[in-house]
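Dumping the structure here so I can ask a few things about it.
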């Protein structure tokens, strides 16, 4: 059967990114070792340009391309934007870190570019096979990037652990998908959706749970979260930032698509399941974040708890707050979390430490940096006028709208607990005396990344309307 | 003239403001301003009085004070005979005392402040008197309390003075508490604060058969109001503050704690007499009468045993106030007010006399005095007049008023009459005990060099002495007892004056004086032996019936203790309780650790604490070993499957 | 008795749990990797079997299986590379000795 | 009937050697016995009319992965790994988990009636698969190639020494 | 001009704060001047509000309403009525006073001033916001600067106090967030407009949700007030906070809670509130007596004043609870109005009086003695006549002496609540005696008694301190003697509120 031409138009961004990756490989060959930053900037510019065609597709009427394997809808576009945007920022933050740390600097940029491609595919794939493929795509790149600094034992360990955990989890997931295929007779989500309502429940549950193992691993949902702190701590900080935002977001995209498109028609009560997991996840994440002294580890646990909040948004998928809440929260979380990690990058580079107590008196040494960090922390806590607040506001709203008041209450309690460790950082920076006065500066590229994160966090907080529109258009994901 | 009534309190207030603002820069370091203020008020009051004799009805002027729910609250002043009488007493006596103070307070470091306070007091007292509603009455009531507080504590470097001032304020405030409740009660049953309306409603029986806790509501309200009077007028059981209040400068004692403020209680009862009168079976009045009677007798007995000249006078004041209450209580509306007026004059006189003595001796102890009659004659004579008046020796003022009270008492309640009679016997006795100690004979103290006080002090003495001598005649039958027509309460018939009865009263007074002379002058029976004879009884009395000690045990220490306890409570227990609320899972054994941690209190903090503990323990699940994590995956899957399949 | 779908499913179930067992218990990372391969093969058996018995109309199952095989290869490649570098820098290939980062 | 027999034989081979893979104290032996396992599975594929898959199985798994595994084992443990304790301390838990999971799965598989779909497999699946890859699975096909690319790159980056 | 006046008033301080940030390092004097100018301008603007504001009109005035987040019907909607106007002016005034007082702050001055002005904007915002989202945003924003003010410029245990304050208030506000959302989703059409929601009474039909939402709001307001037993954050926060911080905390932040009760809880859940009015009244009473007694036992002046706040806010809550208790009872409407008038008046009075008291403590602690134990002093009366005078006046005002603000407030509250909860009111009145005892005892211990040689060197109030204290004292006196102007403003709003409730 012939391939309709508009399908090609539908994947222009994908083609662009793929082409960019290949181009960079070639470029990398000719760039001298000490000038690899050029490759980085190439990636940055190329990906930034890729944002345009993606954004151009925001308004598309939902449809599928490539014989139903590929979804073309606002939902996908939203996550594509986040994925590519995050990649750009992460590359900016990575440049300073990579220099001198490894001789494979260029390859890192290339890998990041390709990961972006994988994330894009993940957000849009409407077919089990493609889904598995793209998830593995991302995973493989992530394993490599996590273990990138081979000389650093921690990075090494991170790579191994991430690989073992990821491979096992995805094996389980694939087994679950195979069962799902058996139940529906199709690998296409929409075809599954048609077939699944007659499917026998027990087998379906098995399939769903197994699948959750893999997707839960990506979004670090309890009990599939344990890799998170170790990998974040060990991996190069920019990579940790990347994992905590981009791959998590894409994971949620896949999860929502799977659940809402394919599972909802089966009449299976997955909402309770997800709601329960959400409560557990946010609680565990918060509790374990409390005693942490390493900023990256703390952010790892906090990212787990945020996964819990996002799951709340998944469970509360109905109503006009429903998926939109999830999207807004993702957006807010992405900005603030990236920002926080970037500050961690600077401190890690300049002060060579990731311990929160070493942030003491940062206010005196780097006022702007400290202020931004405080701002991001408040946003992660959910204090207005920050993005984090609006996200919480929206997602709590969704929960209540879906009759999940109890879950919202759990969320509230957790937010209070969270305040504890977020404020801990602020306390260190502002209330503690500085060990030395010598100022801490940040490289230009990072300044750019930080700026974007801060502006985003502030804008979503103070004038969310455009983002609400974005989320609303995006949340009309393709249903039957 | 009466339209200027509002000026009467405002003038002293203005004086107060001026002195506060400019202090020593004013003429006479502020004294003259103060005197001018009070004097002008006096002039206006006299004018109003004269005008009032023409007998046109009461005058009211109202001010929109605040919006008050649905209707605005208009409050203001009322001038009628009762008011006018009080105005006269306050302003005239006040003026005298102000003048006297110029001499007495001479050279005091806080000289201007003294006059400022005095003016403020005058203003408040006059507001109290002029108020046409319970609210302003209460306001003035509290303000005079404040001034008395400030003036008692005028020498606040003396700890005793500081303590006394606080004691006075608090004790009276206990009374005010009841009074305030009474006011609330009245407002909520009658919906107004204005006397006129209140009386009208009460008179037409608006509260006819309302009850509160089984008691007739009106009686309760009246008694609650009376509670305030008990505090202000130092009636039993709230009398203990007045003797201590003598720590203040003597003019203060004279003005506030003899002539005016303490009489405010009596005035208030008279002002709201309708409530008492209409209360079922005069129930409220009976209470008033008996409280008054007991107070009168008790205070009199204590006065006998005191050696501090001012304390003697203080107790005598208490006892006289009791007598007034007694008078009001036995339907002697006129008698009570009459005695208030006369008492104001001679008691002020006595205090100022005592002040002049102290001024000369630099001591209050009568045992150290003696022979002052020769050294300071005018003080002596004026004091004597005052004493005779107080003892009720005709034809001086005290005789007429006291006699009327006793007459009313005799008519209505023999027991109360007995108390009254005994009181007046004792009164004569202790007054002349003081005189015999102080004036005749020879000076006992050796390091004192007494001298007559300056004219600025003695002249007021003479003026007051004059009043003390003659003012009683307004109640004299052969002059037609004009007071009885001026101050009267419709519905009460006056007791008919009887010469026989008056004779008895006179004899009682005389007996008292003779006894005193026998013991302290001719030393027929040495006082020491008397004391021995009295034995424990004497101990009881000389220790003022141990009331202070009793209160110390009953109220003061418990309050302080409770406060302390609550503080600890707040630091530990409340938080503990709140903690317990959130303490669901965790064993009590761990509870003490909640306090070790820097998060001590509050559900929130406790949450934080639990969270931290859990976090600390849970983190060890994160072993760092990949395969433990993988096992977690497997178990997770199994659990979820189980949850899904065997739901 | 006829050879049916269930036979294959049971086999895959057994194979899967064998693989899982290896993953959970073998210390050597390479052995764990082998366990993972077994699990993937189990999945593949499912896919192919389902393709035959449930959805013979299209070849989705077999395509899926092929993709999985490819992925398995990729994972093996990256995984073994990681093992090598771990062996170089951490001087061990035993999963339970790789635990600097914990708690 | 013959099919059943074949199935039984193949599955016995597969499972038996898989048990060795999992259980053997000697890592090299387990690696080697991976080969019969995979061959058995390939046979099963043939039983299931998936000759092409079977072929790929043999080529990639046995031809590439297993060799690679053996290679790495050699590199990392100089000869046979018999000297090391091969299992960690959570064997019991592992056995239980695996067993419970197996039981659950089998129970569900037994309990489920699988709706047979319409149509039948083509006589020869290889060309059909090829055309699928070039039509409906075209995107999958392309993406797969990219996955291989990054995997390759990643493997190189990780495996090569820093200077 | 007038139609933007409210927004100008609210955001002037923030603008000033930003300007302060722009001032180069080391220009301390300039920074202070900028901050002072900003706050003074704000104060003038708030006074200017009195011009266009029509005292007679009950409904919201000077409203501004712009679409903010159309997606979910959130507006930027502000307006004032007789309830908010006095509080707005109070806030502006106290900020000026605080900044004048803080003149000698030198550590991290820039941040200090900025946070202060930011705080002012937040507080003003809460008082004028008419959209729940806006309300909530300002409410939350008001927490953060306070955290820093306590945490950076506070006393020895500042960090503990700061985080405690933050946690307590955050719990409350998040509960409120849920409550707000409950309202929103049950409204038809959905809206965050406070007035619209009050008009709709969305939860009137569903008692369970109404109760949930009510208690959500209650928790947040009660913690702010703070009501017993949620008060334990208050002493710590007050004791550790810098003087000016305490002034704002006691003077304004506590009012946010009571304001919320009157603005939201009362009209939004009349029936529910009525149902729980008695319980809440009892809590209020406990606060009254308890606060006074615990204050009596304190040896730390600041703690003492802090607990006296617990006592006074107890009165306010009593008034509000009484009003709630009278819901739907026509013959009690008048009492309710009086009680509410009293409550609001007490808010203002307490703001002024306690503000002054904290300044007074600061005067002796920050710049002179550097101790504030009640028993460390004695005989100051002879040394510092002016200081003594002002202190005595403030304390007398606080213990409800007629002629000063406190009395009018307490009088109204008692009169009002007596009509609804007589027996409780009787207990409350005892609180007056206790607080009297407490303050007099304090005065005695600090000012009376023989001169203490240790303090011979202390100097009396200087000009700046006088400038910050005297206006407050004047207000105590003026509104104590003639409360009508203020009460006229309040009364209109309260009367209409009560008529709504009936």
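Each chain carries a letter (A, B, C, D and E) given by its place in the written order, and its residues are counted from 1.
Please note the rule applied: a contact is a pair of C-beta atoms (placed from the backbone, for glycine too) under 8 Å apart; a residue touches a chain by one contact, two chains touch by 3 or more.
Computed from a prediction, not measured in an experiment: that's the story for all the values here.
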| item | value |
| --- | --- |
| Any chain that touches chain C and chain A | B, D |
| Path length in steps (a step moves to a chain that is touched) from chain D to chain E | 2 |
| Other chains in touch with both chain B and chain C | A, D |
| Central chain (distance from its CA mean to the mean of all protein CA atoms) | E |
| Of A-B and C-D, pair with higher C-beta contact tally | C-D |
| Chain whose average C-alpha position is farthest from chain D's own | B |
| Approximate Å spacing (C-alpha centroids) for the pair chain A, chain D | 31 |
| Geometric centre distance via CA averages, chain E-chain C, whole Å | 66 |
| Interchain centroid distance [CA atoms averaged], chain A/chain E, Å | 43 |
| Euclidean distance of C-alpha centroids - chain B vs chain E, Å | 36 |
| Chain A: positions in contact with at least two other chains | 129, 133, 136, 140, 143-144, 147, 150-151, 159-161, 164, 168, 172, 182, 185, 202, 206, 229-230, 416, 420 |
| Shared interface positions of chain E, touching two or more other chains | 167, 171 |
| Multi-chain contact residues (two or more partners), chain D | 88, 90, 93-94, 97-98, 101, 104-105, 108-109, 114-115, 117, 136-137, 140, 144, 147, 151, 154-155, 158, 161 |
| Set of all touching chain pairs, with the criterion as stated earlier | A-B, A-C, A-D, A-E, B-C, B-D, B-E, C-D |
| Parts of chain B lying in touch with chain A, wherever the complex brings them together | 604, 607-608, 611-612, 614-616, 618-619, 621-622, 624, 626-630, 632-633, 635-637, 639-641, 643-645 |
| Contact footprint of chain D on chain B as seen in their complex | 625, 627-628, 631, 634-635, 637-638, 641, 645 |
| Residues on chain C engaged by chain A in the complex (per definition of touch) | 12, 16, 19, 23, 29, 32-33, 36, 39-40, 42-44, 46-47, 49-50, 54-55, 57-58, 60-61, 63-64, 67-68, 71, 74-75, 78-79, 82-83, 85-86, 88-90, 95, 98-102 |
| Chain B partner contacts - residues on chain A that touch it in the complex | 160-161, 164-165, 168-169, 172, 202, 205-206, 208-210, 212-213, 217, 222-224, 226-227, 229-230, 273, 284, 286-292, 413, 416-417, 420 |
| Complex contacts: residues of chain D adjacent to chain A | 104-105, 108-109, 111-115, 117, 135-140, 143-144, 146-147, 149-151, 153-155, 157-158, 160-163 |
